[in-house]
Amino acid sequence: MQRLTREQIAARVAKDIPSGAYVNLGIGLPTLVANALSPEREVILHTENGLLGMGPAPTKGEEDWDLINAGKQAVTTLPGAAFFHHADSFGMMRGGHLDICVLGAFQVSQNGDLANWHTGAADAIPAVGGAMDLAIGAKQTWIMMEHVTKEGQHKLVDVCTYPLTGKSCVSRIYTDLAVIDVTPQGFSLVELIPGLDLTAIAALTGATLYDGRKSGECN
Amino acid sequence: MQRLTREQIAARVAKDIPSGAYVNLGIGLPTLVANALSPEREVILHTENGLLGMGPAPTKGEEDWDLINAGKQAVTTLPGAAFFHHADSFGMMRGGHLDICVLGAFQVSQNGDLANWHTGAADAIPAVGGAMDLAIGAKQTWIMMEHVTKEGQHKLVDVCTYPLTGKSCVSRIYTDLAVIDVTPQGFSLVELIPGLDLTAIAALTGATLYDGRKSGECN
Amino acid sequence: MIDKICHSIAEAIKDVKDGATILVGGFGTAGMPFHLIDALIDQGAKDLTIVSNNAGNGDTGLAALLKAKRVRKIICSFPRQTDSWVFDGLYRAGEIELEVVPQGNLAERMRAAGAGIGAFFCPTGYGTMLAGNRETREIGGRNYVLEYPIHGDVALIKAHKADRWGNLVYRKTARNFGPVMAAAAKTTIVEVDTVVELGGLDPESVVTPGIYVQRVVEAIQSLAKAA
Amino acid sequence: MIDKICHSIAEAIKDVKDGATILVGGFGTAGMPFHLIDALIDQGAKDLTIVSNNAGNGDTGLAALLKAKRVRKIICSFPRQTDSWVFDGLYRAGEIELEVVPQGNLAERMRAAGAGIGAFFCPTGYGTMLAGNRETREIGGRNYVLEYPIHGDVALIKAHKADRWGNLVYRKTARNFGPVMAAAAKTTIVEVDTVVELGGLDPESVVTPGIYVQRVVEAIQSLAKAA
């Protein structure tokens, strides 16, 4: 078994994004998806700070710091881009106009609850940004993350123990080991990396995992 | 006694509009106020259908029917004009950004209730347009009307009998006979045309009229 | 490649269903999508609910749709005009249902639909017959009425220019309800004077981003009509 | 003649009162009104409530205002950043109050203030700790939280160009909160790169009409800083 690299997870997510889709890529890991989308497919990227039609990073030295993404990195515009203000940008999200947003996560529960903004630690400074708006706003919210934490703890869980970002908002999860749908029955396996068996993936998943490929339970 | 003409009422209203004010002139009689405002004063006119900085009517033959006012008449723009959509235009009103709106009226009550959209007749087709938004939105709502109806009925009344446009929204009334403020005590006379005495104006007013010029009752 | 430009107006409008709620742009005739309405009449959908500022002028556009008896109900702010004889006749004959909404509430209710707001407390119309029996609340010493979003199945609007991604700019006061309706409808169909190359619109000046637009047709500009 | 252009930045900002609520534009450093904030530090108003997306970056702008101990409370969506050490220190020392608001709610609550909406039902944050004890309601099968407007006494924003009526255009993503804050504050003060002649802005492209703007100052464009 060979875990997917971050770039490979990004490529796997990108494969499922239809041509012409309106997509918001969250900060961190999901940002990598942009590099895996070929320009010919014309996926239109939204950034919460007021731009549709976001292009790749400028060449070094060409940065315009009035033209940045949600992660405050310099970006560019593509032909067909449009700028708008913050209320319009978040109305666009909340109103269900984005086809897909891809977010990172600390935990996702089997009913699609998402925790990705706060570890719950007493001394943490809370900072939510646009995560809650994105989580509940897009037509589909996809999660891109490692299957378990570095310490081996479950991130796909029965019930989230961290403070929630949104309730029942996740539809699909892409990890370094698998692609999993959130269904009315709970987690449902869509795809597994070669060399990993059902017992192993089920053990790495903190809630019942159904095998969506043949409509049975994995464990 | 010589009643004011429509143009004279308009000129009287115009006199009270400060230089640089943002003003919406309702359809009908208030439209005449525009002609009484000298351009040097730079009063900025708003029209509900999405324009600030509305200019005078174009010369005949020069009309652009994409550039109209609330009464669907062709207008022009002044340098410094701005176009915006309907939600923004009415947000501008409702949010209290207009300094003054000048409206016509069927009835105004002594507590500032306004009736100007519906006669209450059973067979009338109701049509409100932007009247309710304007009435309650501007910082000050001024009324411009004949003091009594053609049939001699009161239009300044104790309680409105026609369906209301807005409650407690009128601050000042300009008629062909007088200028009257709506105060916490009720109607208060600000100015009277020459040749009309207090007893006469009080008789033409359907509620107690105080003489705001010397803090006493007129009748 | 994204291409929202339809080369036939009939094609653009073919899937409008009976019983649909249709948001129709325009304030009087400015911004009225005459070609799309004509195509809708040809298409034949009936039992429609129309949301528009007025209830038609003269015998063309929305008035023609009403005359063709395709409209069950109209939600608007100002139906009664000097040239609204088609609507007036249907209304007096009891052949059309009317819901009068203050103009700003009409705009804000569609804005709420587009922006995912569930309901909002609005001061306009408080204490008037148009507030009906709706919930009211005093907030910070001012009285408000609870207003709900108006969603459209379809929006038919007029813009000045578009590109193939559906980005739009409008012309003068013909902008009016266009941007609000585009965001409030599931399927937004736009007639424009001109289609430009992608990149031909300044990103700073795009009024309706293409995300709100599903189909665009280039219509020969109809002779705009005075009210 | 209307002339909103102030020839001194100190003059533009002189009447900010202790205890005021100040809306400060910018997303990171893009659209941050650095000159106005420096002038506010010199002016000396204290006990301020600041509403802004972030809680300052590095040691300049909003961070410098915080460092000068003028801010009692900050309402923002994303205080914690790699370069928010000034805020972090004050917060951990218990010297500043923090209210975290989801970014879209921050924008929409200011938008509501500007548009005269009394409160609105918003789906964002439902079921999370940021919804606190606020009223909730199910509408059409979806759950919403009741959110109230955020009004400002003053807005300090950055735009690209202005005319003497106060009409504004912005530059790229530096637009961000500017238009929303301009409408939500009693007194909106704008620093711009360039003042143009009246008529020098295209009426179709004005983003913030001058009705929302009280004062404009032309500030030499500060060297924009990377996050």
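We just call them A, B, C and D in the order they show up, numbering each chain from 1.
One rule holds in what follows: contacts are C-beta pairs under 8 Å (C-beta built on N, C-alpha and C of every residue); 3 or more make two chains touch, one makes a residue touch a chain.
Computed from a predicted structure; not experimentally measured.
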Q: Moving only from a chain to one it touches, give the least number of moves from subunit B to subunit C.
A: 1
Q: Calculate how many whole Å lie between the centre of subunit C and the centre of subunit D, each centre taken as the average of the chain's C-alpha atoms.
A: 33
Q. How many angstrom between the C-alpha centroids of subunit D and subunit A?
A. 29
(Q) Measuring centre to centre with CA averages, how many angstrom lie between subunit A and subunit C? (A) 35
Q: Determine the centre-to-centre distance between subunit A and subunit B, using the mean Cα coordinates as centres, and give it in whole Å.
A: 55
Q: Quick one: which residues in subunit B touch 2 or more of the other chains?
A: 51, 77, 83-84, 87, 90-91, 93-94, 137
Q: Provide the list of subunit C residues touching at least two other chains, using ranges where the numbers run on.
A: 108, 111, 115-117, 122-123, 170-172, 203-204, 207
**Q.** Contact pairs between chains, per stated definition
**A.** A-C, A-D, B-C, B-D, C-D
Q: Please name which positions on subunit A make contact with subunit C in the complex.
A: 19-20, 22, 40, 42, 44, 46, 51-53, 77, 79-84, 87, 90-98, 137
(Q) Touching residues of subunit D toward subunit B in the complex: what are they? (A) 1-2, 111, 113-117, 163-165, 167, 183, 197-199, 201, 203-204, 206, 209-212
Q. Tell me, which parts of subunit A touch subunit D in their complex?
A. 47-51, 63-68, 71-74, 77, 83-87, 89-91, 93-94, 118, 123, 125-133, 136-137, 163-167
Q. Okay, in this complex, where on subunit C does subunit D touch?
A. 108, 112, 115-123, 137, 139-140, 142, 144, 148, 169-172, 202-205, 207
Q | Sites on subunit C touched by subunit B in the complex | A | 27-31, 53, 77-81, 88, 91-92, 98, 100-108, 110-111, 122-130, 143, 170-180, 207, 224-227
